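Dropping the structures in below, format is structure tokens.
One chain, subunit A, appears in both complexes that follow, with subunit B as partner in the first and subunit C in the second.
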Partner chain A sequence: MGVTCVSQMPVAEGKSVQQTVEILTRKLELLGAEKQGTFCVDCETYHTAASTMGNQGQAGKLMYVMHNSEYPLSCFALFENGPCLIADANFDILMVKLKGFFQNAKANKIESRGTRYQYCDFLVKVGTVTMGPSARGISVEVEYCPCVVANDCWNLLMEFMQSFMGNHTPGIPSVFGNKHDSIYSPADSMVQYMELFNKIRKQQQVPVAGMR
Partner chain B sequence: MSGVSAVRISIESACEKQVQEVGLDGSETYLQPLSMSQNLARLAQRIDFSQGSGSEEDEPGPGGRDWTSPGDAEDEEGLVKFQPSLWPWDSVRNSLRSALTETCVLYDVLGILKDKKFMTLDPVVQDPPPPKQNPQFLQLISKKKSLAGAAQILLKGAERLSKSVAENQENKRQRDFNSELLRLRQHWKLRKVGDKILGDLSYRSAGSLFPHHGTFEVIKNTDIDLDKKIPEDYCPLDVQIPSDLEGSAYIKVSIQKQAPDIGDLGTVNLFKRPLPKSKPGAPHWQTKLEAAQNVLLCKEIFAQLSREAVQIKSQIPHIVVKNQIISQPFPGLQLSISLCHSSNDKKSQKSASDRQSPEDHLYVLEHNLHQLIREFHKQTLSSTVMPHPASAPFGHKRMKLAGPQAFDKNDINSLQSNEGLLEKIIKQAKHIFLRRRTAQTIDSLASCIEDPQIQAHWSNINDVYESSVKVLITSQGYEQICKSIQLQLNIGVEQIRVVHRDGRVITLSHQEQELQDFLLSQMSQHQVHAVQQLAKVMGWHVLSFSNHVGLGPVESIGNASAITVASPNGDYAISVRNGPESGSKVLVELPRSQCKDLPKSDVLQDGKWNHLRGPFKEVQWNKMEGRNFVYKMELLMAALTPCY
Partner chain C sequence: MADGVLSPGVNLEAFSQAIAAIQALRSSVTRAFDCLKDGMRHRETLEGREKSFVSAFQDSLHSVSRDLGELERLSNLVGKPSENHPLHNSGLLSLDPVQDKTPLYSQLLQAYKWSNKDCGNSPLSTLEDPAWADDSKVLPSRTQQNDHCYFAPASNTLELQYHAGLASGLLNQQSLKRSANQMGVSAKRRPKAQPTTLVLPPQYVDDVINRIDRMFPEMSIQLSRPNGTSAMLLVTLGKVLKVIVVMRSLFIDRTIVKGYNENVYTEDGKLDIWSKSNYQVFQKVTDHATTALLHYQLPQMPDVVVRSFMTWLRSYIKLFQAPCQRCGKFLQDGLPPTWRDFRTLEAFHDTCRQ
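Let's turn to the complex of A and B:
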């Protein structure tokens, strides 16, 4: 487990999502990265049920339940800006039992699927973010495996990302900022994915040209 | 009740004066003490003269009767009794009187008897015995009868005794069986099925998955002949083990260089090991059961290995024939693992055993196999350990943490390492073989090359897959100045990694030739390094130094190395070229002035040109004195250094 940076790759002009992904992966393959199967990160949204809300004026908090194929036995439950719970994979079954408190917003299910590449100590995952039937964007996750302190390897990560993302290289993720020198954990990656998904959801009004 | 005999306690009045009365004010009025005569009278009154010595009582004469009757009359009278006591000596007088009377009577009787005229004393005549008709016969009958009676009594007693002895022994044996059973129970699992007691030999409770039932039966061995002498090792409890677990077994692991004949496959010779001597004090069933359990474990190991051998795909397939598994860890080398099981009754195996030399055993691997199977047991046991949280997944204990601690794929893979027994043991065998061969290579080099010397320091503590040795190359007598070559050889499973003193890492394969060539080239470099060190000590100047010379004849192993040093005043120079194959070549450069055979040049007329260096001349190195290269070099340098 290392330090991970999750970012969004904008769709190249005049290209579809699929084509942009292909361009990226070709670049990676040219670099010498090895293809290692696929990956999948999914996120389901839960509303706190109306019956449990005492105060009518208070907006219901959203809870996200996420899975990551990199952590196949785990299930992540997050609140926005809130705590992150890591549990066994059968946490989903528990959520079914808690129907009275948390209601699943099925339409809001969003996931990112793609190919996993390994390049020496780096793991790169380029995925297509889909919500329902439509592809909405591209996620790029880069992990530097040997290090667990985010600030120690951010520059290295950035330099590596520049090599294949060019000027779309993201800035330092917000989770790195409040970590200081402490150890990076898988929950931080999931927070980054959650933020990415939220960002992409908000973009949904803006139609992306040539998406399909 | 209590065994303590009654204790006599004599009580005497403490104060001499008896208290008559105690006044209300506490004052005591004492009785006047008796005078001497009064006291005597009082004591005499207490004596009962009628109850005197027995002789008087035994023969109550007619006179005596007379004397006692008044006493009786007195008792009956009661009130009169007190009358004579008014006179204190009355009873004494009476007694004396009666005594006198009796003495007189006795005297008279004796006097009459003495004369024998009127009275004689005769013994009392008893009735004569009835007349005997056949005294002898009757005596015999009575004797016989009484003897028979006595005999009968004796017989009865003897019978009772023998019965009780037998009962005792029976009881004891029963008790022995029970106590033995109790001891058995402490070491082995037992259960009762019907009227049988069955025990469990298998390692199932320790996590084994071997399907053999491994049960033994406990037999009560009490009905032995009482007449015969009980053998010393008699035990009332015996165990019956399944016939396929009898005898002794072991796993044999060996590495052979040559490929086997196909005909020899699967006929691994057995040599019988003597059954382990039972520990003193341990019952014989213990050794029997332990042996059987060992057989079971060996069978399990072999079954596991052969299953893996069939399943695992390797470049050279593993061969499983009968009781032997053959694998080829390195080309031209075969590892054979065989199950040797000898039951006691087969004599035919004995002959084969003599030819077999036990030297090619790899005891370490055999031991490790046992260890591995036990680890394997433990693994299966710990995976289903109870109690188990209802929500947690089954599996390894650490697997339960995998979810909540978000283990990634690599972590989970490392938890699920399912490298089989065979793969592990082959890896270990490879390592052992590689280590052995490295040691051989180093030793053979050290023994056949005297100059320079090789020292190998093996580390005592190794991993099963890795060990290390430190190799020093030195020259005898110059150990302190020639320390340039220190190699650390890390011997792994497939290859040897050599770490130089300066941190360079070279990876060698398992081929022994590679290591040998490497060491040879290092040795040749050592000589040149030694010259460099020596030059420093001797005050010579190093003009050039090269580990890998690009000139001259090409060496088949490595490269030649060379050094040129100049004497302190610069007159002479020594050039050394040393190759692993070509050996050393030493040249000395002389000043021009000392060369006589140099043709006189017309150009260089001036004397100053004589200080120019002249040509190199080769030193006949094998004719130099000195025990080794560095010593010879030291002598050469010393000879070329002028003394002022």
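Let's turn to the complex of A and C:
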């Protein structure tokens, strides 16, 4: 897994989510990127059940269970500031068994779907973030496959993102700060996605007129 | 077939007689075995039976030895076929009877003749066999009168020489020779002057590599000899890349550069020295590394060469961090600056150098 940066692309003024995605993909294709199929990243939220909280009155922890089509046989489980567990796909069934301890907040399920592009050694995924039936934003994931140390290639990644995202190029992700010189892992991408989804959830819903 | 047409040394009459002698020998041997098989015939006394059996068997053995002697005499008369095969063993291809479908031998002769430098002195000039002229659609016409040269006109060979001369001139401009022998050394001296740097004890090679390993902290070198005496190094540079170096005594033969997270072993756990990297940037660096190992040359001091190559390779620790010294950017066509100058070790894009 190469170093990845996940960011949000704001919807262009006066345009819908779909149209902005189309503008972005057209820019990528002009650059010379090749379409290579689709991708999907989804996230489900689990609350710790009230019965296990005891008298201390601590706030229930939120657990996120995520899937990434890049790793079809894996399932990622993470707490907000806590560890990330990488398990195999049977983990979902395990969560059903743990109904007593973790309850699924089904309304909070959020996912990002879109197309995958390859340009030289870069992998770009532009996806529409949807919560239920409504499209809430655009996620852009850029991966530089040959490099495995996060801080080494940040400048390189930024230069690439600037070539098609222009002014909307994000700053350095927070996970990079914690990495120092350790090798980048898929769990770091999932943490970035989780943060992105939380941000989008808190944002105001895109006005109906702008949606397709 | 007339006598001595195909092969002037063979006495064909003696040949046919020898074949008849073989048949006679075969029948007398069969008779001897039949006699043994039939065993003793009926006689009045046991003695009589034994005597008649032994005399019959003796007769059959005599006839066998007589026939064998006859065969030996005739085989000496037959003589050896002519040794005059042009192209030696490939002349045996001419014995293939399916001449129309696979005119292999005649085409082979034509190709040899064409590529041969000196038309007049070729051993093919001894091929004056009129028997081959029968198959006129296979051979070119024999209207050429000069110097037994039946085949391609001399202009073809002259062209070849001309082009070969041009090519050698161009190639010699970039001297890629890495051995210590000079060109034009007389053939007598060449076999004696064995290049000593090619025959180094493996222990010496190991020592040199270990010393270089200790030179740079961020570079680690692993040496193994899975295939005989040539060393194979796995050089790991920080967390950026891995290089597989195939050596021949202390000379670097070939390198392959792969990413840090790529698999460098084959399925059975051996070092994979053939497959390329999956990433374009490392394929590019592999090409540059090959250029570097041809650039750093010192036939008399190969350990200095290895040291210089490793120093050059070490500059790639900043492959993803260093911008190009010429254009100032990080990316060009999606690639970071992959070229490292041989003297200054500065980073350039492949298209930005010079």
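We adopt the following convention: the second predicted complex is superposed on the first by the 204 of 212 C-alpha atoms of A that agree within 3 Å, B and C clash if a C-alpha of one lies under 4 Å from a C-alpha of the other, contacts with A are read in each partner's own complex, and residues count from 1 in each chain.
Definition applied: a residue touches a chain if its C-beta (ideal position, glycine included) is under 8 Å from a C-beta of that chain, and two chains touch if they have at least 3 such contacts.
What you are looking at is a predicted structure, and each value in this text was computed from that prediction instead of being measured.
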Overlay on subunit A: subunit C relative to subunit B, clash or fit:
clash
Name the contact category of A:Phe197: first (subunit B only), second (subunit C only), both, or neither.
neither
Identify the partner contact of A:Phe176: answer first if only subunit B is touched, second if only subunit C is, both if each is, neither if none is.
neither
In the superposed arrangement, which partner chain does A:Val148 touch: subunit B (first), subunit C (second), both, or neither?
second
Let me test your reading of the model: by the given contact rule, A:Phe164 touches which partner, first (subunit B), second (subunit C), both or neither?
neither
Should A:Tyr46 be classified as contacting the first partner (subunit B), the second (subunit C), both, or neither?
neither
Is it subunit B or subunit C that touches the larger share of residues in subunit A?
C
Considering only the touch criterion stated at the top, classify A:Met1 as touching first (subunit B), second (subunit C), both, or neither.
both
Of the partners subunit B and subunit C, which touch A:Tyr117 in the superposed model: first, second, both, neither?
neither
Once chain A of both complexes is superposed, is A:Asn90 in touch with subunit B (first), subunit C (second), both, or neither?
first
What is the contact status of A:Pro72 with respect to subunit B (first) and subunit C (second): first, second, both, or neither?
first
State which residues of subunit A lie in both footprints, the one left by subunit B and the one left by subunit C.
1
Subunit B-facing residues of subunit A, complex:
1, 70-76, 86-90, 185-187
Along subunit A, where are the residues that touch subunit C in the complex?
1-2, 32, 119-122, 144-149, 152-153, 155-156, 159-160, 163, 181, 183
Tell me, which parts of subunit B touch subunit A in their complex?
391-393, 399, 402-409, 411-412
Inside the complex, what are the residues of subunit C that reach subunit A?
239-240, 259-261, 279-282, 320-321, 323, 329-331, 333-336
